[in-house]
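Below, subunit A partners subunit B and then partners subunit C, in two separate complexes.
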Partner chain A sequence: MKRPDKLKETILSFLPSILAIVVGLLFGFVILLISNPGQALGGFSTIITGAFRDMRSIGRVMYFATPIVLTGLSVGFAFKTGLFNIGTPGQFIVGAFGAVLIGIKFPQLGSVHWIVALLVSIVFGALWALLPGILKAFANVHEVISSIMMNYIGMYLVNYLVQYNIYDRLRNQSMPVAKSAIIPRMGLDKIFPKSNVNAGFFVAILAVIVIYIILNKTTFGYELKAVGFNRHASKYAGINERRSIVLSMVIAGALAGLGGGLLHLAGTGKYIEVVDVLAAEGFTGIPVALLGMSNPIGILFSGLFIGFLTVGGDYLQLYDYVPEVIDIIVASIIYFSAFALIIRDVIQRRRLRLGGEKEQ
Partner chain B sequence: MSTVFFVMRQALTYSIPLLIVALGGMFSERSGVVNIALEGIMVFGAFTSILFINSVQDTMSGQLLLLLALLIAGLSGILISLLHAYASINMKANQVISGTAINMLTPAVAIYVARMLQNVQQINFNNTFRIPKVSVLGDIPGLGDVLFKDAYITTYLGILILIVSTIVLYRTRFGLRLRACGEHPHAADSVGINVYKIRYAGVMISGFLAGIGGLIFVIPTSTNFNATVAGYGFLALAVLIFGQWKPMRILYASLFFGLMKTIASTYSSIPFLLNLGIPSNFFKMVPFVATLIVLAFTSKKSQGPKAAGIPYDKSLR
Partner chain C sequence: MDYIIEMLDITKEFPGIVANDGVTLQVKKGEIHALLGENGAGKSTLMNVLFGLYQPEKGVIKIRGKEVKIDGPRTANALGIGMVHQHFMLVDTFTVLQNIVLGMETVSGGLLQMEEAREKVDALSEKYGLKVDPDALVSDITVGMQQRVEILKMLYRNNDILIFDEPTAVLTPQEIEELMHTMRGLAAEGKSIIFITHKLNEIMEAADRCTVLRRGKLIGVVDVASATKESLSEMMVGRKVDLEIELQPQAAGEPVLTVENLCVNSHRQGHTKAVVKDVSFQVHRGEIVCIAGIDGNGQTELVHALTGLIHPDSGKVALNGKDITRQSVRYRNTNGLAHIPEDRHKHGLVLDYTLGENLILQRYFTDEFQSHGFLRRDNIIAYANRLIEEFDIRSGQGAVTPARSMSGGNQQKAIVAREIDRDPDLLVAVQPTRGLDVGAIEYIHKKLVEQRDSGKAVLLVSLELDEVMNLSDRILVIYEGSIVADLNPEEITVQELGLYMAGSAPGEAGREVH
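Presenting the complex of A and B:
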């Protein structure tokens, strides 16, 4: 009797996200209608079905999802521990730089080359989140402001370091990494021919599992969550709350950094471009985390969902639409998901009332 | 000496939008609504007004066009801020999430509309707004060089907004009510103040100011709008915190950041800085590094409006 109840609770807790998705998609449809009524129906159905047209498209969904699941985990993990990590673009690109640097400079590592490069991306991402963590814990600096500043500092620093160390002057980007640093395909290219999906997707799933276990099954995770819930009460209960805040930020940064490594070692022609633009995959982590209700498993699915919309949106150009409509849809989904609290309230009240009637 | 005047003029150009947007943020946060959407509102205000300039500039130019564009920027800022107000006040939403959504939404809308209309996302405009020299005032040595040469009317507008904001916040009934709603909304409600209305007003003022701030940022620094204000809305948030949610301190904070930004973007025309031989990327970091350092040393005692970020729930009274 207990089990189905729990399942029902889980489904209910995702109901606001699902409602937000439906309303956001409808909003996107309205935009398509306004901007070009004749093509709207075709365009809209492409967004919904484009990702399923062949195995290659499904592979592309998984490829797009891989880095944003990691940045989503980063934001979600921080949310669970009471922090808003808006610093994912910086951590992402600094991690990417670490991975690419190792990928170019140490080809002698052989078969473990890509693994070492990924580990370095984790360390670099973690380091980039260390300062906001310390500032939050010891100097009362709000992590949103400090990590936004770290985003820009990271972007300019990586631009400089790329130009200084691993620069492809002709293309204004980083040099290609060694073959041994490219994440193996592990047969995924057979199942999803011509798509770029690789073993990085398995790494993302592994990260989801690890974060799930840390958050839900360990004392350490419990302490981090407790500090997020009430810093002062946790301190009173004997938790080293400053250490917890710093560690939460560092773990979040490590996840985002790994996302950067996974994308730039995919061997798919993705390089670090020397431009003054923050990494989009970092910011996408925010909607992924919000839509997944900061639950690691929810984040995996919402990452796949955003990937699914992105692939569908690519095909939109066949209908004379600009793919940015996908960004509008995602933004409106996030806007509506902010209403989660009130939607849950309404559902709860309805259930209470229904429950009351049954008893009579 | 001319270099000094040049730097001061530039610093003023960068400070004024920061000042206006941070003052906007002040009205929202002191009413009790955290407004992280400043960046997105700036983008939207700049987008609509520059689209307007782009479409009428063949028949119109100069200060009248600028004033009309400012009005459009402000009104569209209000429009977008209503989204944030509705979510944060009526729907009791998480204000950071709603703000983030708006920050994502407006650049996407700007790019989408621009590309649907004209295939490229940059919207060009002719800058016919610069005043080479104000007569008489421009001849004052020193002050005239900084304030009244190569000037924009937006500079004077910014100063006017500062004065009006200070008076409104501290010398009017509305200002008192606004501050009360940000500190203790339940107490304000108990003496008959409509917390929802005041908060709507606060958010809408911030929308208006952030909207015109977007336009004011783009006009002197570029000849096209590319769906971004380069993190300026976020810098304005830092200015707001560094300025401790108080108008005069916000002025000093924005002058400080304006100077940092000037170093970052004009170091190549300042011989002393150019001769240091530091790579350009490090100069670009200056405003952000300076923000971090300043916040690290000033945040310990930092105290924002007590009720900012907490949705007002009448039933909890």
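Presenting the complex of A and C:
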């Protein structure tokens, strides 16, 4: 009798997300109607179906989803352990720099070149979250403040280091990485021809599984979550709560850094541009995590969903829509995903309250 | 017979449970009517119906003989019903006077007219002997005075039906005495009082009549004058309860806990203040030592220093002869120390975890519950089920019940179960029965005595004088951070203990330490 209950519970927990998506899409439709009524219906169906028109489009969805699943995991993991990691853009770009640096400087690594480069992106991202973690654990400095500042430090530092180490002066960006540093396609280019999807997507899925296991099955995750839920009780229980906070932050940073590495080693003409803009993929992690309810599996699907919207939106240009419209639609879905979280909280509180009274 | 309040045949259901099942409550004008019941008996639900927070499915409410429909606190207020909640509803950053008039401000031309209000408050506090300082900030005054502010708030609104929801839970013995006096004064003035409680002493002392609820049903209405504590508790719990504990004399064994010259300073807002001053004592095998004192005299800091939550500034703590002053919480937990914390929500439980996850809070890393870093779910569930069974922890879904959804009494039982089952040499129990009903209190007391009788040491920190007198082999009185007396409960009276706790030693009885 336990099983169906549990299944129902799981479905119920994603209900607000689905609701948010539906309302968000309807809102998007309204925007289409306003900006160009004649084409709205065709445009809308393109958003919904565009990503399914051919295998290449499906591949593109997976490609777009890869980095934001990682940054989404970063934010979601931190959430689950009681931290708000808003430092993903910084960790993302610092991780990307680590990967690109190795990708350019060490071609002699051969077949493991890309793996080493990815590992370095993990380490760099982790290091970038270390300081906010330490400040939070030992000085009670709120991680939102410190990690926002680390975003800017990371961005400018990477700009500086790119210019002094791996600079392509003509294009104002990083140099291309060695062939051996590009993540292999592993046959995905056969299934999804002409798309950019690569083994990075498998890495993302692997990360999802690892994080899921850590959070739900291990004593380590038990500790991290306990500290996130109740720092005082964790201390009382003998858990080293400072260490847990630092580790939570470091793991979150590692995930975002890996996201940066995956995107910049995809061999798709993506370079580190020397501009004063925070990495968009970093912040996109926040709505991805919200929409996925911070659940690793949910984050995988919400990342794919945002990739799906991006691809569908690209085709929208066939219908006389400016590309900005799709950004508005994605943004509106993101807004509603925040609502989804509130709705879930309301539902949960009601159920708990009723449950509580049931006790009595 | 004229009743000022009549709640007739009230039924209030929640999904899956009938919280009030045809309950009738009738209160006469000018009486103190106690509403007695265990946690979850439906007292709060009934009062929330009276206050308009819940709408009953069935039943009639009559106020002063007229049938009324109460659809919210505002209506209740208009009918003259006021309530002092268990957790006070005061604005900390406002003064006493501002809190009293809040929502009822006298305004002229958009400007507050506080002078008028001040006169009225002064008059009221004079009349009922409710001493307050109208200009003090609520955050600066004692809990007892905050309660007086709450009472004045009701009187300021001309309420004549006053509901007190467990008003004594937060008070010192002296303050309780005062409150009882105030309540009797109010009743004598013709106010009608509903007094929600599960403390039998207070009912015997203050109430005229008593309505007893159990599991949502009305058990009976009794005249307090003709009732005894025993008969009331039997009505409430449904069986005979024995709170009198006869400690079998036994010789104390080896010292388990040795505290030497312990000092703790608090560093708040740049000020350093000594909160535990040069405390030394021992707890031996086979004895319950009680630290008695009025809240805020350093008990919390002392316990935290013993259990490792804070580090003392100087002095020594030894467990079983080994110095643990600088050891981690984990070391203490795994070397024979268990701790029932004062604040079960802050320290005792991770409310967002399930009951099962909470029961392994200090043991999740042992081989019983993990292998190679992975939690052994089945063992956790099995262990939780054993404790649930053994300690009679009631919860909706067993081991997977979210701790947050459990009732306070069962949360406390879960903590007690967890700590005792770890088979500690020393059990530090801080107010282990706070807010619990007699049934649960009896149970927890029994468990503590079992620990003692099986040759373990128990350090009990309590504010309840009855508990202290009843349960201890020795009483250490703490006052302003120092242990001021080491007493034998057989040789002193409650009154004398009260005096020690208030910092004035009664020359005779008991012997001074050092």
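We adopt the following convention: the second predicted complex is superposed on the first by the 338 of 360 C-alpha atoms of A that agree within 3 Å, B and C clash if a C-alpha of one lies under 4 Å from a C-alpha of the other, contacts with A are read in each partner's own complex, and residues count from 1 in each chain.
Just so it is clear, contacts are C-beta pairs under 8 Å (C-beta built on N, C-alpha and C of every residue); 3 or more make two chains touch, one makes a residue touch a chain.
Since the structure is predicted, the reported quantities are computational estimates derived from the model, not experimental observations.
Asks: Name the chain, either subunit B or subunit C, that contacts more residues of subunit A.
Replies: Of the two chains, more subunit A residues are contacted by B.
Asks: Which holds for A:Val112: it touches subunit B only (first), subunit C only (second), both, or neither?
Replies: Neither partner.
Asks: In the superposed arrangement, does A:Ile342 touch subunit B (first), subunit C (second), both or neither?
Replies: In the superposition, A:Ile342 contacts subunit B only.
Asks: Scan A:Leu15 for contacts with subunit B and subunit C and give back first, second, both or neither.
Replies: neither
Asks: Could you list which residues of subunit A make contact with subunit B in one structure and with subunit C in the other?
Replies: none
Asks: In their shared complex, at which residues does subunit A touch subunit C?
Replies: Those in contact with subunit C are residues 217-220, 222-223, 225-226, 229-230, 232-240, 352, 354-360.
Asks: Can you tell me which positions in subunit A touch subunit B when the two form their complex?
Replies: For this pair, the touching residues of subunit A are 31, 35-36, 84, 86, 131, 135, 139-142, 144-146, 148-150, 152-153, 156-157, 159-160, 163-164, 276, 283, 286-287, 290, 321-322, 324-325, 327-328, 330-332, 334-335, 337-342.
Asks: Which residues, counting only subunit C, touch subunit A once they are in their complex?
Replies: For subunit C paired with subunit A, touching residues are 14-17, 19, 39-42, 45, 307, 309, 328-334, 339, 341, 346-353, 357, 361-362, 364-365, 369-370, 373-375, 394-396, 402, 404-407, 410.
Asks: Which of the residues in subunit B end up touching subunit A in this complex?
Replies: Touching subunit A from subunit B are residues 36, 83, 87, 91-94, 96-98, 100-102, 104-105, 107-109, 111-112, 115-116, 230-231, 234, 237-238, 241, 279, 281-282, 284-285, 288-289, 291-292, 295-297, 299-300, 302.
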